[in-house]
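I'd like to ask you about the structure that follows.
The letters A, B, C and D name the chains in turn, as written, and every chain counts its residues from 1.
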Amino acid sequence: MSRWTNIIEDLLSRVSDIGNTILANSDADSIKLSLSEKCQALLSNVGEATGLARSREILDDYKRLDKTEQLAFFQQIYANFGVDEDLLRQTVNEWLKHPDKIESRKIHTISEPLSQELIRRLNLSYGGTAALVKMREDLLEHIKTDLSLAALDKDFQHLFTSWFNNGFLRLERISWSTPATILEKIIAYEAVHEIQGWDELRLRVAAHDRRLYAFFHPSLSDEPLIFVEVALTGDMPNNISSILSGDRQTLDPHLASTAVFYSISNCQTGLRGISFGNFLIKQVVEELKRELPDSKPFCHHVTCYLVYVVGSTPNLH
Amino acid sequence: MSRWTNIIEDLLSRVSDIGNTILANSDADSIKLSLSEKCQALLSNVGEATGLARSREILDDYKRLDKTEQLAFFQQIYANFGVDEDLLRQTVNEWLKHPDKIESRKIHTISEPLSQELIRRLNLSYGGTAALVKMREDLLEHIKTDLSLAALDKDFQHLFTSWFNNGFLRLERISWSTPATILEKIIAYEAVHEIQGWDELRLRVAAHDRRLYAFFHPSLSDEPLIFVEVALTGDMPNNISSILSGDRQTLDPHLASTAVFYSISNCQTGLRGISFGNFLIKQVVEELKRELPDSKPFCHHVTCYLVYVVGSTPNLH
Amino acid sequence: MSRWTNIIEDLLSRVSDIGNTILANSDADSIKLSLSEKCQALLSNVGEATGLARSREILDDYKRLDKTEQLAFFQQIYANFGVDEDLLRQTVNEWLKHPDKIESRKIHTISEPLSQELIRRLNLSYGGTAALVKMREDLLEHIKTDLSLAALDKDFQHLFTSWFNNGFLRLERISWSTPATILEKIIAYEAVHEIQGWDELRLRVAAHDRRLYAFFHPSLSDEPLIFVEVALTGDMPNNISSILSGDRQTLDPHLASTAVFYSISNCQTGLRGISFGNFLIKQVVEELKRELPDSKPFCHHVTCYLVYVVGSTPNLH
Amino acid sequence: MSRWTNIIEDLLSRVSDIGNTILANSDADSIKLSLSEKCQALLSNVGEATGLARSREILDDYKRLDKTEQLAFFQQIYANFGVDEDLLRQTVNEWLKHPDKIESRKIHTISEPLSQELIRRLNLSYGGTAALVKMREDLLEHIKTDLSLAALDKDFQHLFTSWFNNGFLRLERISWSTPATILEKIIAYEAVHEIQGWDELRLRVAAHDRRLYAFFHPSLSDEPLIFVEVALTGDMPNNISSILSGDRQTLDPHLASTAVFYSISNCQTGLRGISFGNFLIKQVVEELKRELPDSKPFCHHVTCYLVYVVGSTPNLH
C-alpha cells in the first residue's frame, strides 16, 4: 500500500486547491504581475488546477491588449521563453565529442523552446484552442513588423500541426438542415465566389446537384476550418457563371459524370500553413463515390475548376 | 489568375491518383519491400493520397508481426529514422560560433528525428491513432529487452502528449444507460477493486449515491482512457468494504457530505505516462458541484481514498 | 405447440406476400379501379402488407386529383363509408327494449362510420400522417361548397385529436442553432407580425431577451405545429413596435420581470380545431421558470399581448 | 381586433392559474374526494392547467390502491362514466323516425362513453401514457373477476389502437451498443427461449449473423413494445438448438440465404390485443433487404420458425 499512499498524497496535494477560489488570495499581486510574469508563473507551476486558472487568466488578459501591447507581448515571449542555451551548449559539446544516436535525440528534447510548453499549457483551459488560433492570427500580422517573431510562430505551427492533425478532423456535409449559426459563417467565409445572402446560399447547399463539405475539429466545434463547394454536372462546364446561375436546370445527381470543385475557402486565418485542402478533397471524393456508386465514369472527372485560399499566402502544401 | 492556376495544378497532381487503385501497379514490388523500406517510402512521399494508402499498409503489416519481428522492426526504425546528424553538426557549429536565439530554435527543428514525422504520417490513416497506441504498448514491452528503444519511445510520448491533450478529452458519466460495449470494457479495465460481473457493475454505476466518470478522445471514440469511481457518503468511510457492499443503504446524494474517489483505472497501457488523472478528478469535482449545488459542505470533503494505476509505473505526474 | 403453429401459419399467410411485387399482378385492374373502389379494397383487406401498399397507392393517387375530383372523392367517401345502418337499427332496437350499460356502449362501437377505419388504415403507410393532414386541409375548403361533408370531417377531427394528443407533442426552442429548413418555415408561417427575412428572424430567435418555442409531433418531424414568440421585458410594453424594433436595447433575461407572448401562429391548416395553444403556453411558462429560476416576480407577469390564429376559425378551445 | 381580444381573454382565463399552486387551496377538500369524485372533477374541468394537475393526482392516487380498491375503482368508473343514455335515447328516436347519414354519424358521437374522454384527459399529464398502460394491465386481471369490465376495456383498446398506431412506432436494432437499461429489459421480457444472462444476450445481439429488432413509441421511450429475434442462416435449420447454441460457427451475413424469425416477444401486458407483430416482421424484412441487398435468394426464405406471445391470449390479429 505504501507506494499508493505516496501517489495519493501527491495527487491530493495537487488537487487540494480545488474548490477554493484558486488564485483569489494572490489576486492583489496578480494584478500587478505583467502578462509575461504570469506566463513565467504558469510554467513554474506544478499544481494543474492552479495552472488551469492561470491559463484562463492569461488568455483573458491577452484579449484586452491593443495592437501595440500585443506586439510587446509577443516580443517578450520570444525574448524570455526561448531555449535553455547553457544546457544546450553543454549537451551539444558532449555530443560533438561522443556522437551517438541517443545523444542526438536528446539535443532535440533539450532544445525545445519554453514558449512551446507555454502554448501547450494555455491550450488546457476551456476554450484555449480557439483563443490560441486567434492569438496566432494576431502574431501573423506582427511578423510583418518584426520578422524575428517568425521563429516564435514555428512553435504555433508545430503544435497546430499536431492538434489539427487530419486524423482528428470530422468531415460534414453542409446542407439546408445545418444550423443557421454555421450557415451564416459559410456566407461570411466564402472568399472566391461571394454568397450574396440566404437565397443564394440555398442554391449552393440545397440543390440536388450541389454539395458543400466542411472540416470541423472537436475543439472548435461550431467553427468550420475549411470548406469546398462542388457542382455535379453532365459535362465539364465552360465557365463559372453556368455553375452559379440561379435559373439553371437541376441535374439528377445519379446522372452526373463530373464533379467540379469550384471553390475552396479556408476559414481560420490563424491556421494558415496547416494543410487541410488535399485531405478535404480526397475525403469528399470518397464520400461522393459512396453516395453515387453507380456513377462509374464519374470518378475520372474529378475536376478542380477554381481553388482559392484565404489570406495572402496559399497554404495548400 | 496565374497564381491560382499553379495551385490548381499542384493540387490536381497530388490528388490525381484518387480513384485509381493507388498502389496497385507497384504491388509486386511492394510485397518485396520490407516494412522498414515501406516506412522510407512513406517519408519520401509527396502525394498525400498515396501516403494514406501506404500508412494503412504499414499498420496492417505491423499487426501481423510476431514478437521477434516487432523487436526487429522497432530496432530498424530507431537505427534508420534518427536525426540528420550531418545537418545537425553543421547547424550546431554555426550556433557555437554565433550563438543567437533564432539559431538555437533552429537546432530544435533540425534535430527532430525522422521517426517523429513517421509516426505523424501513420496517424493520418483511418484508425491510425488506435493502431499507434497499440504499437506503443508493444514498444514498452520491448524496451525491457533493449533499453536503447526508450529513446524511440520519447517520440511516441511527445506526440501522444500533444494528441491526448486534456483540452481534447471529453468527460462522460458512465451509467446504466451507457452502451453495453463500453460497460463491458469498464468491467475488464477496473484494476483496483475488481468488478465481478454485470450485477456488481450495476451497483457501481446505477445506485443513486455512486458515480463513474471516464475520459474519451475523439479518435478513440468507444475506448475509455481512464475512469474514476466515486461514492457519495455521509461520513468518511472506515474501510473500502463498506463502500463496495451490495446490501448497504443507499444515500440521497443531496444529503452527501463526502465524495470518496475509491478507484482510478487507466485503460490504455499504450498511453502510459500521458497524464489524465488530475484533470479527471478536477473535472469530476466540478461536475458534482454543478449537479449537487446545495451540498455546501461537500466540497471540503473530496477524498481520494484509494487510487491505483494500471501498469508498473504510476503515471500521475 | 399446436396453438403456436396456428399463429405461425396465420402470421406467415399475412406476410407471405412480402418481397413480392405486392400489387403488381393486379396492376392492370388496379388502374381501372376508381379511388373509391381502392378504398373499398383497402377496408376489405386482411393482409396488412398488401394493405400498406394499397394505402400508399391511394394517398399517391389522391395527390394527383384536381379540385373537382377532390370534391367528388370526399362525397363518395361520405356516401359509401358511413355507418352500417341495418346493424345499428337492430342494436338500437334491442337497447330500447332492454336498456343497459353494456348495450349502450355497444351502440357506440357499432355506429362507428367506416370512414374512420379508412383514415386509420391510410395513416399506417410511411408519410401517411402528413398526407392526411394535407387531405383534411382540402376537405375544410370543400365543406364551404358542400356542408354535409362537415360530418366526414368529424372523423378526421376525432382521430387527429387522438394522434396529436398533447402527451405526444415535443416542445422545442427555436434558436439560431436550429436547422435552416425549420427556420424558413417559421418565416413562412408567422401570421401576426410578419418576419421580413433572415435578419429579422435573427432578432426574434437569437437575441438574449427573445424566445421562440414550437410544438413538434413524431410523425411530422420537420414540421412545426404551432409556435409562440416571447419577449422578456422589464415592464409591460406600451405597444408592439417597441418589442419588434431592431435597435432596441437588449435586456439581460435574468433581470426580466415580464414575459410578453406577443405572437402565436398555427402552422398546419389541416389541424384546425385541434387545440395546442394552451398547452404550448403552459409548457413555455414552465420552461422559462426552469431557465430563470431567480426571476421571482416574473411568473406574475405572464402576459398574452397579442395572439393570432391561422385560418378563419380560431381554434384555441 | 375585437375577435382576438375575446380569444386572448379566453386564453388568459384558462391559463390564469399557471404559476399558482394550482390545487393547493382546495387540498383539504381534495383529500376527502374519492378517486371517482376526482375523475368527475377532471371531466367537468375547463381549465387545462388545473386539469393537468388533477390528472397527475388521479394517476398518483391510483398507484397506491391495493387490488380490492382497484376493482372498486374500475367498477365505479364503469358505473358512473358511461353513455349519456337520455341524450342517446332522444337522438336514436329521432334517427329511427328520420333515418339519414348525418344522424347516424351523430349517434356515434353521442354514444361515446364518458370513460373514453376520462382516459384521454389522464393521458395528457407527463408520464400519463405509461401509467395508463399499467392501469389496463390491472384491468385485464380484474375482468376475470367481473366480466362486465370488458366493456370498459373497449375504451382502452380503442384509444391504445389510435395512440400505438403503427405509423408512430420506431423500429430500432438492439445491439451491443444499446444502453444496458434497455438490454436488461430484453433479458426480462424474452418469453420463448429464455436468455440466461448477459453472455447469452451477447450471442443473440452481437454475433454477425444474429439480429434483434424492437418497436418503440415516443411516449414510452425506454420501453420496448415488442421485439423479434432473427438468425441469418445458410439453410433452414432443423431445430432451435442449432440456432441458440453458443459454440456454433458464425456466418458472414452476406452469405445468408435464410432469415429465421425464431422468437417474438410482446413486452407490455397492458397493450395486449394491440397488434404490432406483422408490422414488426414486415419492417424487419425491409431493413434486412436494405442492409443485405446482394442476398438475392434471401428474400424468398423469410421464415417464422417459432413465434410466441406473452400473456394468455395471442394478440397477433
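Following the convention adopted for this analysis, a residue touches a chain if its C-beta (ideal position, glycine included) is under 8 Å from a C-beta of that chain, and two chains touch if they have at least 3 such contacts.
Remember, predicted model here, so these are calculated numbers, not experimental data.
By count of C-beta pairs in contact, A-B exceeds the other of the chain pairs A-B and A-C.
Put simply, the C-alpha centre of chain A and that of chain D have 51 angstrom between them. Distance between chain centres (mean CA atoms), chain A to chain C: 47 Å. Distance from the chain A centre to the chain B centre is 20 Å, each centre being the mean of its Cα atoms. Residues of chain D in contact with at least two other chains: none. Taken as a contact graph, the chains are arranged in a single closed ring, with each chain touching exactly two others. By the definition given earlier, chain contacts exist for A-B, A-C, B-D, C-D.
Looking at the complex, you find that chain D touches chain C at residues 3-4, 7-8, 10-12, 14-15, 18-19, 48-49, 52, 78-79, 82-83, 85, 88-89, 92, 95-96, 99, 101-102, 104-109, 111-113, 120, 123-126, 128-129, 148, 151, 154, 159, 161-163, 165-168, 170, 218-219, 277-279, 281-282, 285, 289, 299-300, 302, 304, 306-309, 314, 316. Of all the residues in chain B, the ones that touch chain D in their complex are 176-181, 183, 197-198, 202.
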